[in-house]
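First chain written, first letter: the chains are A, B and C, and each begins at residue 1.
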Amino acid sequence: MSAQLTLVLGGIASGKSAFAEGLVRQSGKPMIYLATAQPFDDEMTQKIARHRKARGPGWHTIEEPLALAQNLREIAPGQCVLLDCATLWLSNHLLAESDIEAETHALLAAFADCSSDLVVVSNEVGLAGVPENALARQFANAQGRLNKSIAARASRVILVTAGLPLTLKGPVA
Amino acid sequence: MSAQLTLVLGGIASGKSAFAEGLVRQSGKPMIYLATAQPFDDEMTQKIARHRKARGPGWHTIEEPLALAQNLREIAPGQCVLLDCATLWLSNHLLAESDIEAETHALLAAFADCSSDLVVVSNEVGLAGVPENALARQFANAQGRLNKSIAARASRVILVTAGLPLTLKGPVA
Amino acid sequence: MSAQLTLVLGGIASGKSAFAEGLVRQSGKPMIYLATAQPFDDEMTQKIARHRKARGPGWHTIEEPLALAQNLREIAPGQCVLLDCATLWLSNHLLAESDIEAETHALLAAFADCSSDLVVVSNEVGLAGVPENALARQFANAQGRLNKSIAARASRVILVTAGLPLTLKGPVA
């Protein structure tokens, strides 16, 4: 049986991470937390600490801001991986001036080859009109394309609003 | 029988207020409009007048930008209260540099103790990525947390888009 | 039998145009693409070329940034029109300092009189809080009102997120 790919979408402080963590916990499999956040300032350090506390014990944590594909290829089968989140990964690559198309291609290939279940958290960012700032516009477009690509491959896509899940694809919980 | 708490979420000009007013009207109970908007400029004054006209007669209006918990505790049982909206209340408290956590705690306690039905209107504000501006970021996070807290306690949560309701929690209308 | 009006809502790069094109293709009727975009810079020129390529052959294209009502009145019956998109039309009129209420009234009247099916693409733009900038605020309000007006007249309204449709009104696909 092949591994499952689930995409959990949501806005800022929507409860998407907590919901995704619940899915991983329910899997009953060994839990891996693949974290893309970097503690580059106080606000981020506090957010990371808050999320870690909320997650509780029982997670094996891997911190990786950029090279997700490589890390996913080293994960043993039969586990459940929480990737939190695709938005920071994308943002890190945009700031690093990476080739986004090539990076996305490599990431999606790693998803397809992964023999552990994957729950990917990502932000929905395009619901306030087209930004005037060119970089913000590039980011919104890249995030939209990335979300579409993951959603097309996922067996389940869930949008979280105010902590409440709405199933966009796959079996309703 | 305990009073009902309903949360109506939506974006700018999404029709959330009109939908929430419809819910209150359908309750058949005496209608109270708990308004958080302040006519501090022409645009707001006109918006308040427009909303009042759209609402029509039959409402008892209470205007209160900050002290919602205190006002809710003075409302007699068996009525139906439209709180419009939690977003302005939050924004007023942020500008007043209040202790948001304490204020939220007091508001949620007043919701729990209220023996009139409550329909709370709130904005969904986190669907355009993380703002660069620190205050905007603080606001988006606080609004997300507030919406999650109210949604967790509500028996019904409805997201309004282009005037159309989508039930996120509770019985589908 | 009267012609059908469908509204397809979504954010930036949400897949709303591709989904709407699919609906028109499934109609089996002669396909008209009523385009509001203008190639005023390189980014827009490339976007228009990319969309044209994605759409494929078989479309009769009309390019019109402003006078949609007039164009719709000249379309012969029994076809299926993709209007992409109402957001750019609105934005073009705001920049031209048109009377938005009068233009909207004329557009909605042309929708009602159209004897070809219509699929209208529009952006959902109000989900990031109230913009500080007055023009951005005016735009968000005007877009919200326009979306509500079209949704009220449509037999089907679909919100597209990450390429996935969610039916807000009408028969579920």
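Basically, a residue touches a chain if its C-beta (ideal position, glycine included) is under 8 Å from a C-beta of that chain, and two chains touch if they have at least 3 such contacts.
The shown structure was predicted, so the numbers you read here are calculated from the model rather than taken from an experiment.
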Inset, instruction - In steps of 5 degrees, what rotation angle do you get fitting chain B onto chain C on the CA atoms? - result: 120
Inset, instruction - Since chain A and chain B are copies that touch, just let me know if over half of their interface numbering is common to both, same, or not, different. - result: different
Inset, instruction - Find the geometric centre of each of chain A and chain B from their Cα atoms only, then give the gap between the two centres in Å, rounded to an integer. - result: 31
Inset, instruction - Would you mind listing the residues of chain C that make contact with two or more other chains? - result: 11, 124-128, 140, 143, 166
Legend entry - Contact set on chain A toward chain B in their complex: 10-15, 87, 123-128, 136, 139-140, 143, 161-164, 166
Inset, instruction - Would you pull the chain C residues touching chain B in the complex into a rising list? - result: 7, 9, 11, 124-130, 137, 140-145, 147-148, 150-152, 157, 159, 166, 168-169
